[in-house]
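What follows is subunit A paired twice: with subunit B in the first complex and subunit C in the second.
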Partner chain A sequence: MKDKGTKWWIAIFLAPTLLVLGLFYIVPIITVFTTGFTDWDGFGSPAFNGLDNYVNLITYDNTFFVAIRNLFFWSLIAATLHVGFGTLVAFILYKGYFGWRFVRGVFMIPMVISAAAWAMIYKIIFNDDIGVINNLVRQLGFSGFHVKWFFESPASFWAVTFTWLFYAVYVTLIVYNDLMAIPKEIHEAALLDGAGEWQITRYINLPLVKNAIGTGIILSVTARIAGFEEVALTSGGGPGNETYNITLMLYDGLVNYEYGYANAAATVMIILGVSVMLLINRVFKMNEKVY
Partner chain B sequence: MKKEYKAMLILFLSLMLILTACGGNNGASGGGNTGNEPATGTNGADANQPADEAPKEKVVLNVPHYKAGQNVGGKFFLPQVERFNKKYEGQYEIKIEEVPNDAYKEKIKLLWQQKKLPALIEGGDTQFIDELIAKDEIYDLKPWLDSKPELSKQLIADSVSYNTKNGKIYTMPLSVIRPIGLFYNKEMFEKAGITKPVAQMTFAEFEEALKQLKAAGFTPLSLMTGENAWTTMLLASAFMAAEPGGAEVLQSDRADKVSDYKDPLWIKAFAETQKWLQNYTTDNALGAAYADAANNFLNERAAIIANGTWMVGDFSDTTKAPEGFAKKVGASVYPGGVGLATTAEYSWWIPKGLKQEETEAALAFLEFINSPEELEAYMIAEGGTAPNVQQSAEFESKLDPILADMNRSVKNDMKIIAQSFGNVWPDQIGSTEFAQNLPLLVKGDLTPEKFAETLTQKAGRFK
Partner chain C sequence: MNTRTNSLAERLFSYAVMLFTVIVSTFPIVWIVVSSFKTNKAILGDPFALPSSISFKAYADVFTQYNFLIYFKNSLIIATTSTLIAVFIYALAGYIFGKFDFFGKNVLFILCTITLLVPGYARAQPIFTIVMKLNLYDTKTGLVLVYASFGMALALFILRVTFMSIPKDLDEAAIIDGAGFWRIFWHVNLPLAKSGLATSGILLFLANWNEYFYALVLTTSEANRTLPVALGFFNEAFSYNYTYMFAALTMIIIPGIVIYLLVQEQVQQSVASSGVKG
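Our next item is the complex of A and B:
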C-alpha cells in the first residue's frame, strides 16, 4: 500500500509538468510533423499531399542544398572556433588572473542584448561608409577597400559568421562551472606528483569538463540550425541565396501562406537537431561519469 | 482509499488550475486592438447587423500603422488623425501604434491569427486580403457608400471596380491618385548643361544626361539594393513602361500578377538596371536601404531619385536636408512621359466582427479622410490629383512649388500611366527576391537573362 501511495504522489507532482510538456512541446511537434504532409495555407483545413512539401523543399532549386552546405560549415566553425573560444575564456577566468571579474562582466554583456539588436550592431560594424572594419582597413593604407560585407560573395558568409562567432558566453559559463566543480584534492595530488600547469590543464581539467564542452557544442550547433535573426536581419539570406539557412526557408513558407511547406522545413530542423544531439552525446560519451 | 481520493482531488485541482491559467478569453472574434471602455453588450456582434444600444462613452480605436515615427507618411497622417480626434472629441478617438513599414503587413497577418485585428487597416498583403475576402471576413462598405452619395461620386471608377468583388466593396476605393515620378537637383542639372526637361527625354537621351552629370563630377542616380530596392525598382519600371509593349504589361488597372520574367522586355529592363547600378549610382547603393538612398539625394550626393510626392516634405526638413535644399529640387514624370500609378490596390478596410460602435468609428474615420477638405489638405501635403473632387480656389496657391512642378509635368508631359513592378509582382518577388538578387546582377555574377530566370523560378515556388 505504501508503494502505491508513493506512486500516486509521484504521479500528482509529475502531472503538471507532463501536461505542460504535452501541451507546449509534444502536441506542437506532432502538429508540425503531420501538417508537413499537407497543403495548408493557415486558413482552411490542411489537405494531405504526401511528400510534396519535402520534394518542393529539397528539389525546387538549389536553396536547400545551399542551406545544408552553409549549415555544415557554420556547424563546423561553431563546434571548433566558437566553442574553442568560449572554452578558452572559461579557462582564463578559472585561473583568476588580475581583472578576471571585470573581463567576466564584460564578456557577459552580449547575454543581455537580443539577437536582433546584435545583428543590427554587426550590420553597422560591417557597413562600408561608417563601419569599423572597412574604416580600419582603409586607415591601414588600403584606401580602395570597399567590401560590401553582407551583399557580396563570399564576404557575406563570413560577415554572417562573425555575428555569432565570439558570442560564446553560454559555453564559457557551463565550462567555467564544471571547472569550479573539480575537487581541489585532484589538483593537489597532481601537484604532489610533479605535474605542471599545462599538464594539469591538458590531462586533468580538460578531460573533466568534456561533458560541458559537449553540451556547448550541442547548444552552438543547434543554435546554427535554428538561427534566424543573424541571417534575416543582416544579409537576408543573400546575395541571391548564398547565406540561406533552413529557418529562412521555413519563414518563406510562412509569409507565403505555405504552412505545410514551412512545417516540412521545421520537421527537417527538428530531425537535424535531434541527430546532432545524439551524435555529440555519443562522440563525447556524455552518459558516462567523468569522475 | 482516503489517500487516493485526496490524491485524485489534488491532481484534478492542479489540472484545473493549469487549464484555467492557459485558457484566455478567446470568445471575441474582433476588436482585440480596440479599446472602448464601456461594456455595450455588442461584443463580437457582426457590425453589419444593427445593434440595440448606442455607444454611451468614447470609443477608442488602437490602430497599428506604419505612417508614424520617422516614416515620411506620418507627417501628414498623424496630424490628420489628430484632426479627426478633435472633430469627434468625446465620441471617437484613434490611437496610432507605430509599426515599421516593412513589418506592417506581417503584423496585420499576425493580429488576424490572434483574432485581434484592429478596426482600421490600410492595405496589406494582397494575397492575404484576397483570402479574407474569399472568407467574407471584411466589412462590406457598399451599403455605407450607397448611403453617402457625395462621398461615392468622388471615388475613381477604376478603383471602385477593382475593390468590388461579388457585388460588395471590401476596401475603400481611392479618390486621389499620385503618379510617381522622380526628383532632380536643378543646380546639378544646370552645371552639367542639361536643358531638356526630363519628361520630354527618351530613355536613350536620359542616359546621355546621366553621362553629362557624371562628367560634371556628380553621381547621377540615387539607387538602392537593400529592403525592396524601391528607388531602383521604380526607375526600372518606368524604363519598361516606356518600351514598346511595356505599358501593356504594366497597365494601371491590371489586377493579376506577373510571374514570368523571361520576356525580352523584362530582360532589357534588368540589363538597364544593371548598367545604372554599375555606372551611375553612389558607392553605397549596394545594400543601401531607402534611408540611405534618400539621404544621398537630400545631401546632394546624387542628382536624381525616383520616388513619390510624399517625399516632398523631406526637402525642406532641415534635420534631413541642408537649408534651402527644397529650392534646388525639380519634379517630373519619367523619361518617355511615364508616370507610375495604380488603381489596382487595396486601401483602407475594416474587419468584420467588431462591435457596432467600433465599426461606426472606423467608418467615421474613412468619411473624414475622404472629405473634400482633407483630400485637398492631403494633395497639398503629398501631391496627387483627385479627378472627381472640386478643388478650392486657393488650392494652386497653397501647393508646394515642387508639387506644383510635378502636377504640371503630369498634366503636360505624362503620356503613359503604368504600374510599377511592385504592383504586378507577387509579394515574394517584390519584397525580397528582386532586391536580394540585385547584388549578383551588379557584380556580374548573374547576367540579365539569368537574373530573369532566377526571379521566374522564385516566383513559381509559392504560386
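Our next item is the complex of A and C:
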C-alpha cells in the first residue's frame, strides 16, 4: 500500500488537522510566550519591554497575590476533599449496592451542563431572597440569617468553592475504571490469607488505584487553574478582588487591549498547569506500573 | 464483591453517601426546572413550594420578547456545524494515525495530543487576534472554526484507537477488489468506526453547546449570541424576574441532559478512559 499515491492521500488526510494544529495551537502558544515580553495592544507592532508585564502583573495591585492565594487554597481543597469525595463514591459504587448504576448515571449530569448555567444556578441557590440555602437556614429557626454569599467576605470564597466541591464524577469514573481492572485472583488470594473487607480496600484496592487518583488530582487542580464561569458569573471576582483567579486577570487584559498583560497571565497559567502535572506524576510515581 | 459480609454501619454509610450524591447532582436542576413553571410572585413567596398551576408563560415570554429563539438557533447551528467539521477532519487524521506509517508520525501525534496540557483559555488572545484578522469577529463562522479546533486532542485519541481496531485484512481485500484510497476509507472503514465517531461527536457537541468563554470574547451582536452568553446578559438585565431566569436556564440545560441520557454509557466510558490516557 506504500506507493506514491498513498503518500499523497496521507498528506491530504492530515492537512486539515495540521492546519488546525498550526493556526490554533502552535502559533497561539508561541505568541503567548513571546508577546508576554512586549507591550503589544494587538494593533501596533509589539515592542520588547522585558519583564514589564510580569512586574506589572505582580505589582500593579494585590490581585495577582490574591489570585495565587486563592489558587493555592482551591487546589488544596480540590486535591483533598473534592478528589477524596470522588474516590469515596467510586469505592462505594464498586461494592455494587442496590442503585449504584443509577447513582453513577446521575452523578454525571452536572458535568454535561453548561458551566455558565451551572454557575448561575448556584448563584440563585445562594441568593438571599429566593435561594435554597438561606431559606432553609431561616426555616430551621435562624430567622435573622441573611448572608449574601457571593457578595460578602469571607462567604464568597466558600460559595464559589461549593459550585464545584462535590462534582467529582470524572474522578469517580477514572477510579472506578481502575478498580474494575484489578484481577479477581488478587482478592481471592487475600481472602484466603484471611484479609477482611476493610483490609482489602485499604491495603490492596487503594494502592492499586493510585494512578487514577493522581490523574484525578491533576485534572481537578488544572480545572482550578483554568476556572472562569464559576467565578465570573457568580461573584465576579468579588467582593473587591477577593475571589479573583488568573483566568479573570487574563480576561481583563484581553478586553482592555493589554495583550502583553493577558499573555503574561496566560504564561503563568501554562507553567502552573505543566508544573502541577509533573509534580503529581512525581509524587504518585505514576510512570511506574502498579502490578 | 460480596455485599452480605458488609456490616450494617458500612451499608448505612454507603447508602447515605449515595443518597447525598444523588441530591447534590439533581436537586439544583430539579429545583430550577420546577420553579420555571411558577410565577415570580410564587417564587418570592416560598421557594420550596411546588407550582400551584403549570404555566408556560415564562417560556413564551423569553422566546417572543427576549430573542431566545435566535440564541437557541445560533447555539444549535454553531454547535452542530463545528462538531460535524471536527469529527470529519479528525476522522481523516485519526484514520492515518491509526492505520498508516510515515516519517515523524509519533512525534506528530504527541504534538497534537500534548496540546491538552495548555489550558484552553490561555490561548485566548492569539485566537482572538486570528479571528479578527480573518475578518470573522462577531460571526457564527468564526465561532464554528474555533470550536472545531478545540476537540482535536480528544477526538484524535478516540478515533485513532477506533481505526486501529478495524482489521487491515478488510483494506487489503478492498484493494484486491480495485477500491481506491478514498473508497477504502469512506465505504470500508468509516461505517465500522461508527461508535468512535458517535462518541467523539457527542462529547464535542456537548462541549460546544455549553461553551461560554470564547463565545463571550468572539461575538458581540445579538444576532450571533449563543445561549450561554445570552444567559450571562440575562443575569444582569433581569435579576429580579426569576421566572424568566429559570425558564432560560431550563432551556439551556435540558438539551445537554437529554443527549446524555440517550448515550450515557459512551459518555461515561470515554470520560473514564480519556482520563487514564490523559
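To be clear about the criterion, the second predicted complex is superposed on the first by the 265 of 291 C-alpha atoms of A that agree within 3 Å, B and C clash if a C-alpha of one lies under 4 Å from a C-alpha of the other, contacts with A are read in each partner's own complex, and residues count from 1 in each chain.
By definition in this document, a residue touches a chain if its C-beta (ideal position, glycine included) is under 8 Å from a C-beta of that chain, and two chains touch if they have at least 3 such contacts.
Bear in mind that the values here come from a model prediction, so they are computed numbers and not experimental data.
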| item | value |
| --- | --- |
| Which of subunit B and subunit C A:236 touches, first, second, both or neither | first |
| Contacts of A:29 with subunit B and subunit C, given as first, second, both or neither | second |
| Partner chain in contact with A:166 - subunit B first, subunit C second, else both or neither | second |
| Which partner reaches more residues of subunit A (counting touched residues only), subunit B or subunit C | C |
| Contacts of A:212 with subunit B and subunit C, given as first, second, both or neither | second |
| Partner chain(s) touched by A:256 [first = subunit B, second = subunit C, both, neither] | first |
| Touched partner set for A:46, first subunit B, second subunit C, both or neither | neither |
| Subunit B and subunit C footprints on subunit A, overlapping residues | 5, 9, 16, 20, 23, 42, 129, 253, 255 |
| Parts of subunit C lying in touch with subunit A, wherever the complex brings them together | 1, 3, 5-6, 10-11, 14-15, 17-18, 20-22, 24-29, 31-32, 43-44, 47-48, 89-90, 92-93, 95-96, 100, 102, 108, 111-112, 115, 117-130, 132, 146, 148-149, 152, 156, 171, 175, 181-182, 185, 206, 209-213, 217, 227-229, 231-232, 235, 242, 245-246, 249, 252-253, 256-257, 259-261, 264, 267-268, 271-273, 275-276, 278 |
| Interfacial residue positions of subunit A with respect to subunit C in the complex | 1, 5-7, 9-10, 13-14, 16-17, 20-21, 23-25, 27-29, 31-32, 35, 42, 88-89, 92, 94-97, 99-100, 102-118, 120-125, 129-132, 135, 166-167, 169-170, 173-174, 176-178, 187, 197, 211-212, 215-216, 219, 222, 225-226, 228-229, 233, 247, 250-251, 253-255, 259, 262-263, 266-267, 269-270, 273-274, 277 |
| Subunit B contact footprint on subunit A (complex, rising order) | 5, 8-9, 11-12, 15-16, 19-20, 23, 41-43, 56, 60-61, 128-129, 146, 148, 150-153, 236-241, 252-253, 255-258, 261 |
| Subunit A-touching residues of subunit B, taken from the complex the two chains share | 3-4, 7, 10-11, 14-15, 18, 22, 106, 113, 127-128, 131, 135, 225-226, 283-284, 286-287, 427-428, 432, 435-440, 443, 445-446, 454, 457-458, 461-462 |
